[in-house]
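The next part holds the structures, each set out as structure tokens.
In the two complexes that follow, chain A is the common piece, with chain B as its partner first and chain C second.
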Partner chain A sequence: MITAMTTFAENVGASRIVAGTRIQNPCGHPALSREQDRALRRRIVQTALDALERPVEGPTVFRPERLVV
Partner chain B sequence: MRLELGTFPVAELRFGSETRLDGARLTVDRDAVRRLVAEDLTFSRVDVEIVRPGEACRVIHVADTVEPRIKVAGPGAIFPGTLGPLENVGAGRTHRLSGVAVLSSVEFPWRRVGGVILPTEAIVDMSGPMAAYTPFSETLNLVLVLDLQPDLTDEEYERAVRLAGLKVAAYLAECTRHLPPPRVDVLDLTVQDPSLPRVVYVWQIYSLETYGGQYWYGLRLDNLFPTLIHPNEVVDGALVSGQHTAPNVKHCTWLNQNNAVIEGLYQAHGRDFNFAGVILVRGRYTTVEEKQRVANQAAKLAGLLAADGALVTWESSGNAQMDAILIVQACERAGIKTVFLTTEYGGHEGTDVPLIYHVPELDAIVSTGSVDQRVAFPPMPRAVGGATVRLRPEVGGIRQSATAAIVPDRRTELYCSGHQLGTGRITCLEY
Partner chain C sequence: MTDQPLRLVHYLNQFFGGIGGEEQADVGVSTRDGAVGPGLPLQRALGGRATVVATVIGGDNYFNTHLDAARAAVVEAVGRLKPDVVVAGPAFNAGRYGVACAEACLAVEAALDVPTVASMYADNPAVAIYRRRLYITPSGEHASSLAAALPPLANLAVRRGQRAELGPAREEGHLGRGIRRPVFVEQTGAERALAMLRAKLRGEPYVTEIPLVDYEVVPPAPPLADVCAARLAVVTTSGLVPMGNPDRLRRSYATEWKKYPLAGQERLAPGEYEVVHGGYEAQYANANPNYVLPLDALTELEREGAYRDLYPYFFTTAGVGTPTDVGERFGREIAAELQAAGVDGVVLTAT
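Moving on to the complex of A and B:
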């Protein structure tokens, strides 16, 4: 699950939680340029894809700045 | 800050040749009110109507609601920074007309299609099954029916409507200036019993956009960082509402003026505990970090006020509840026993999860009612404010007759029915 509300997602028991940017735009940021927004979006989605391959025990938060948890 | 609040209860409201109060009967010069509002050329048309509790009528397009008040002694004037000059208030003597309210009815334009952050239809039924869902079925209401000149900005419309209600509220209260109030309450936090525990009120407001803001001495509070205010300032109209989105869960000016938490804390002050002060915060931040920072600051301010206990309320719906719950948690972790006043979700039957977030420290909750239970407005013979209501902004808007049965998609159109301040008749019972 990609969301800015990571503690919220932990609260309801989501297993793999990718930290998004803000509530209203979790996969990017409208203040960035088109290229920067796209690059941020790619990083976030790539983090989510990588998280799918990792075994987890309980709710785990993955942060896009660190592609390896 | 010592404030004497003089209350003039009003039991009858009618039009007449001059605005005056005789006992509990308020007579209003209709043309004078119309002229006063029409001074602002933002309005292409101004009508003034009266609706009374128990009448078979509804008011639509409700914008702000204001209780008539004026300052008769002490520094500053009522509604400082918006109507009155920019001067600190909260001391001296203030008069209020209780049991009467000024409602503004106006349809703001929808300038984009879709989304929910649009000024939304708001309905008050003065009788019937939906009357109990709003505080204003119990007040004698002077309704300002306003049409807007086209081609002005949203900011101009919002400001004009906000000022219109304040102007008329002050104008009505003016007729009490030289009258002795039947009841005077003294609001003075400096008189304390040092043996009693100290309780602070943490008040979360919503302020994010043009049609969704609260104003403190005329400043819209989008950038509010947790701060200390004095409850007497709110009594004197320092907190003015510009809320027109999701009207069921927002606080109009009248609710700010008649905040039941502040009233209750003042009544208990010096008797059960000491009312230590009010901390004003903004909620509905879009990252956990911003929410947590506000919670930490609020708890710290409560600690600086040497609070033993705290009451927390919030405004709006959705993730702003999480902001408030984090405040409860931060206060509890600082050793401050905290109670949370909140509406609950729970679905239509009330069996679903009531809150969107939970922490172990959230163990004292007072429910101000469900915002999920489905309801419907019956047909009503008279509608004040227009002929049609505008529903479903998220699909571009659907119009229907204002006097027909109205079935809200959610409960957005129930004016002030889901407010969190405890001024009302709605709670939840478990059985």
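Moving on to the complex of A and C:
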């Protein structure tokens, strides 16, 4: 699950939670340049793919690494 | 207001009606005079307030596989008896019986305008389906709990038969239909909250005004062995739909989910999709739908071999005001489609 509401997702027991950017735009940010926005979106989705391969015991938040702006 | 006892008709399945066990579950609907089986202690619980004038008995399998005919038969039998109230069950945790009780009650209410009450275990599968439409009093899981189930059932049956204006579910003894009615009370919310806190700190009993939903703990799915070999699918609760919302997805209090083709697109184009969702500022996703359904990134990663392929449809609903039992149903239904399609993993975006 990609969402900005990571605490809520943990509380209701979602297993693999990728920290999204903002509630309104979980996969990217409109304030970034086009390239940076696409790079951020790619990074978030990559984090989701990595999370699918990770064993977890309970609700676990995965944070995409911050991009160097 | 008459002093005559109310006329009550009792619905039972083939087992409690004394016809037979599982081997008789296909019997049709029949009627017997007076109280039968659990109807006898029910009559004692009712006392002089109501009389069990007849018992309508239906086979659990028959009811579930011949719903229209069974409903019609119950309506015909009850119609002839002209009761003030119909009671069904207790069905305990028997799912088919719970469904039959609920359907019998609904049919009688709709066709004859006779009030009804059903009784069953709170986790009977029929409760999740019917609770909003019926008054259901709780029973234990097993028939051994019959005695405890009867007083709330009898009491509410009398109230319903009298067509009394009912108070909160907790006071009337039923599971609750999820309807909130505003009322005036003497104490302010602050005063009531402090009284509750004082009681809680002293270890005294208190009753919550808002029962919090207990979320089911779902164990995590095992990880994918190799995401490079995986088929993925994308699901979203952002309310993203094709422009024009062709299937009129609701903006909140979702009753359904939808599935739309990705049709080989590499990214979602603005102007071709829109957000219908009452719970967040939609302008960003409307300007760039990839913010809530990251198809551009997914396409790029698929091309690079990060995963095998993407199921060519996305699943969508508006995730706001969705009751957990409804959401649970969505999850089961979507999962069934995903499994049939050989999907190994899901990327779900939530706003």
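Here is the rule we use: the second predicted complex is superposed on the first by the 65 of 69 C-alpha atoms of A that agree within 3 Å, B and C clash if a C-alpha of one lies under 4 Å from a C-alpha of the other, contacts with A are read in each partner's own complex, and residues count from 1 in each chain.
Here, contacts are C-beta pairs under 8 Å (C-beta built on N, C-alpha and C of every residue); 3 or more make two chains touch, one makes a residue touch a chain.
From a predicted model like this one, the values you see are computed outputs, not experimental measurements.
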Which partner does A:I23 reach: the first (chain B), the second (chain C), both, or neither? both
Which partner does A:T6 reach: the first (chain B), the second (chain C), both, or neither? first
Just chain B (first), just chain C (second), both, or neither: which does A:A48 touch? second
Between chain B (first) and chain C (second), which does A:G58 come into contact with in this model arrangement: first, second, both, or neither? second
Quick one: classify A:S15 as touching chain B (first), chain C (second), both or neither. second
With both structures superposed, pick whichever of chain B and chain C touches the larger number of chain A residues. C
Chain A residues contacting chain B in one complex and chain C in the other 4-5, 11, 22-24
Taking the complex as given, what residues does chain A use to touch chain B? 4-8, 11, 21-24
Could you list, by residue number, the parts of chain A that touch chain C in their complex? 1-5, 9, 11-13, 15-16, 20, 22-28, 30, 38, 41-42, 44-46, 48-50, 52-58, 60
Residues of chain C that touch chain A when the two form their complex: 215-227, 230, 232, 280-285, 287-288, 290-292, 294, 296-298, 300-301, 306-307, 345, 347-351
Write out the stretch or stretches of chain B touching chain A in their complex. 286-288, 319, 322, 356-358
